[in-house]
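Each of the next two complexes has subunit A plus one other chain: subunit B in the first, subunit C in the second.
Here is the complex of A and B:
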């Protein structure tokens, strides 16, 4: 019966649906169930309705984590994008030197996120790191990068920019390569300056890749756990404790799985919104092509 | 006759096959942070223990599945909920709450303790520890590897400064000594040796002076219903002490705010600190990795007290064995737990395991007189004189991090002392 042609589409998508069901929908439903219960020591104790959501929404530490996440994500996004764009423009031409440079720029991205953050932690550590060797001769021997809220946030942003600029570069380089060369040539023949060509040809045709890169980066930065967990531990104090780190701590350190899942569901909704924006951009890109 | 031999031979073969099937019919699974295939005293001790046990009990095999130490308790309870926990699990003191607040662990009183002779019970040094794991009449865990935190200091620096351990018997004494010991040895305007080390990060944290001083001054941190009670004068004084060390007395580097316990211990081993509160189990490692100073100058003193004449609390912590309540091998699992926590097991944990003896008769063995076990001897005495148990039912696994955060917030001006401590207390209460 199921071998008939009319079931072919179902057979083709069936496996994907099952995988989606097993790895996304079921955990999501369990997560939601946990979020409306009081969970203690991994045991569901009592149904609490939306109490966990209320507690998370009114928690000063979650509000602080939200502010930290916005600060970190926005500053990192801007810097990562600008540097990535700059690198993409610089390395657009295909020659031997640029090939080597692309490989060099990609190194931080190729290093495992965890290892990269641990390396930077050693670099920024005052007692045993390289930063003191650089800062001390400049009369800043007392500066402890990871022990000061502002410099710790700067270090966190540096970690993100150092690693993710290469990703932005790859995305934007692909966009640049897709711009037909004859447009630039024609503009040159017409006497257009480099700045004019950039403004009137490159930027408009890169609009979609730029948005996709930014949204993709933003989703990554909002959800990243490794940087704050490994590099700063959320500190000093709660200066670099992002929403995802807070969620991790609620779940795996404090073992209040109800609140952790409530926060996770809210972060999930934000992510869905960001993905919706991304999908619209992809659709727009499809229409352009 | 031929028929007789044929039948007899057949029966013999069948009985041999049956007996070999009877042997190794039970395989126990055990989750521990130890790895019997790795180097190290404790690993070697466990490997020997399993080998000895299996020789005496040929029908039982023990399979060790090494796990990440920090999640053993959680995984055991989750495994129990899912119906696939190991027969035996190891749990650290800070996470006993998982065991005491779930039905994952079996009652070991009838399975293990009731089988101990009166002589063994009298010889056992940790009888009082059962109060932390007793729920009604049920005993949910057996102590295996006791440990505690002590004040480690560099004797060479103490001698040079004319200090003795009695000078650091109180926290006030520690502050005074730390001021004497903090030095800029190369004249570059920056301190090279700090009086006392701290690791105040919220990740990979450990017990700090503020926590111990609060337990001492407050008589614990919980009431009988596991409600945290340290937002008071004792708690404030303890956090203020740490804040002052960094801000006012300048005997601890500000970098401590970003350091984990491991980072700080590394710095201590590298010769940057003169004193630090450290788990006794790190003694041998610090001696071995000391850089820029002779590790033989490492010495141990009791935890300083709040008031003169009374040592601070030596928190009796360590590793416990628990048995899965739904294990199909209850009897065999209990047998191995009894072996690990019994006299034969304790001898191996002591040597080659280099752990604190859990039986008087083990502590009095000639091996303990060896100079290399100086640290173990001193720690045993400290535990005997001032050992304090934390309640097993209460979740205090992250309260140290709450104290760290409170200290950080006050130093950074992110909260007043009162607010920071109130938040720390609330955070601990939220986990109960």
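Here is the complex of A and C:
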């Protein structure tokens, strides 16, 4: 409409584009520039090419962080998705009770991640006395959840599942709503079992929403800083130190901004690859016209 | 009644529903409830072993301590930054969304892909470069810096939500307004925006929740108390109070009260933003 005004749309989107360029694209350019230089206290000392990248890639602590990130995000993704899917199916029918239940599930998602992780830190801490209460009957009275590498990782996964299942649920609920009701009904009339209907109607028609949900969850999990920073502090040792937490510490604790930026750029490239997959899925779902 | 198999079946179903729902409520809310209950106990009872779930004596001393310890300043900073971010993101976002919804122009599709792309890029990978940028241009540790960043991070989702809503509005009224001599911006302001209240509320809420809850950006980009937001203050309490869980949990509860209240009242608006156009339906 109004196609006679050739330049109006560009003037209208101008400010938004400017803001995005200024605070998303320019930082990346500057970050890249820092990453190929030796930097000390914001002073660029010398051009070093990909030396920072090489240092980061060959560093054992980054390799460890990578392994931690993969373990954490894959386990969390599977559990969060399955539980979110279960919740979506369980609370699918619209009625008052299910509306209230959805709201309850969403509360951990609505509150600040920092606060959620802190509340769980309190729950899991030895001092709250809860872990003793639960674990002692199982013969694990002396276990301090956050002080043991394996249980600390489990606590981290628990944090992700506790908060992010709600996101998976909402995304999948929206997908479920788009399945025409008469399909389910017809199959029901024909005597199809619930499991058969789930496999032959729900799953195939939900394919795109399922992939979109999983990719968005995965992007979120790979990039979360708050869970490990608050709940476990990356510990004990570096057993829960994720790549993003490592990057954060390189920048703000170790003050090696060149290396921190190199790691950030690499994380960014991984993200771009994931986002590219997501965009393809959006196109498939007909969201970009 | 027990002889009737249908009734028995219905009863079993209802019992199962109740048990599963109770389990869901427990897992979702128990950590929050435990935090609230602990925050109301006097210090010596917080660490009691075995823990008592219902506080023996209820006290607000931890809340008083947090509020007294510059808590109001930090809450004020959070409220101010959230409010200005909402205004900026909605103003800039609605204009851009209007252009994308109503004009056909070369580059429009690129812009939409760019919008979804930026929307999906997590902040974490931008953190270090952005810290570097803000330090270079002198916006580090300022209210303005945080507001600009929050606006930039929330603009794509705002544009996306408003774009979808604008598309659903009838074009004819706008045509009439244009014939009456309104400019594009005039039409947006006087015709389109008054019709778009639900979408504006949804977008505003989304921005509010982000800005109010954000910790990662604020803790990276600010250092002095005068610009500190409440979540960052909570984080510093974690270091400062150490193992004093009373004030820590009180601060946590203060932070979530406004969000939960707003959420209870305006729940349905959140959900439209959450799916972010990612799923049609």
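The rule is short, and it goes like this: the second predicted complex is superposed on the first by the 277 of 289 C-alpha atoms of A that agree within 3 Å, B and C clash if a C-alpha of one lies under 4 Å from a C-alpha of the other, contacts with A are read in each partner's own complex, and residues count from 1 in each chain.
Note that in this section contacts are C-beta pairs under 8 Å (C-beta built on N, C-alpha and C of every residue); 3 or more make two chains touch, one makes a residue touch a chain.
Treat the numbers as computed from the prediction; the structure is a model and nothing was measured.
Student: Does subunit C touch more residues of subunit A than subunit B does, or is it the other way round?
Tutor: C
Student: Is A:8 touching the first partner subunit B, the second partner subunit C, both, or neither of them?
Tutor: It touches subunit C, and subunit B stays clear.
Student: So in the superposed three-chain picture, is A:183 touching just subunit B, just subunit C, both, or none of them (first/second/both/neither)?
Tutor: neither
Student: Of the two partner chains, subunit B (first) and subunit C (second), which one does A:232 touch, if any: first, second, both, or neither?
Tutor: A:232 sits against subunit B, while subunit C stays out of touch.
Student: Would you check which partner chain A:264 touches, where first means subunit B only, second means subunit C only, and both and neither mean what they say?
Tutor: After superposition on chain A, A:264 lies in contact with subunit C alone.
Student: Look at A:127 in the shared chain and tell me whether it touches subunit B only, subunit C only, both, or neither; answer first, second, both or neither.
Tutor: Both partners, subunit B and subunit C.
Student: For A:154, is the partner it touches subunit B (first), subunit C (second), both, or none of the two (neither)?
Tutor: The answer is neither, since A:154 touches no partner chain.
Student: So subunit A touches subunit B in one structure and subunit C in the other; where do those two contact lists coincide?
Tutor: Common interface on subunit A, subunit B vs subunit C: 42, 127-128.
Student: For the complex, which residues does subunit A have touching subunit C?
Tutor: 1-3, 5-6, 8-10, 12-13, 15-17, 19-20, 22-24, 26-28, 30-32, 34, 42, 87, 90, 97, 99, 101, 103-108, 110-116, 118-120, 122-123, 127-130, 132-133, 162, 167, 170-171, 174-178, 208-209, 212-213, 216, 219-220, 222-226, 230, 244, 247-248, 251-252, 257, 260-261, 263-265, 267-268, 271-272, 274-275, 278-279, 282, 285-288
Student: What residues of subunit C sit close enough to touch subunit A in their complex?
Tutor: 20-21, 24-25, 27-32, 34-35, 38, 47-51, 92-93, 95-96, 98-100, 102-105, 107-109, 111-114, 116-118, 120-133, 135-136, 148-149, 151-153, 155-156, 159, 171, 174-175, 178, 184-185, 209, 212-216, 220, 231, 234-235, 238, 243, 245, 248-249, 252, 255-256, 259-260, 263-264, 267, 270-271, 274-275, 277-281
Student: Which of the residues in subunit B end up touching subunit A in this complex?
Tutor: 74, 77-78, 81, 97-98, 101-102, 188-190, 201-203, 253-260, 263, 266-267, 270, 272, 395, 398, 401, 405, 408-409, 411-412, 414, 423, 427, 430-432
Student: Over in the complex, which subunit A residues touch subunit B? Could you list them?
Tutor: Against subunit B, subunit A makes touches at 40-43, 61, 125-128, 136, 141-142, 144, 146-147, 149, 152, 229, 232-239, 249, 253-256.
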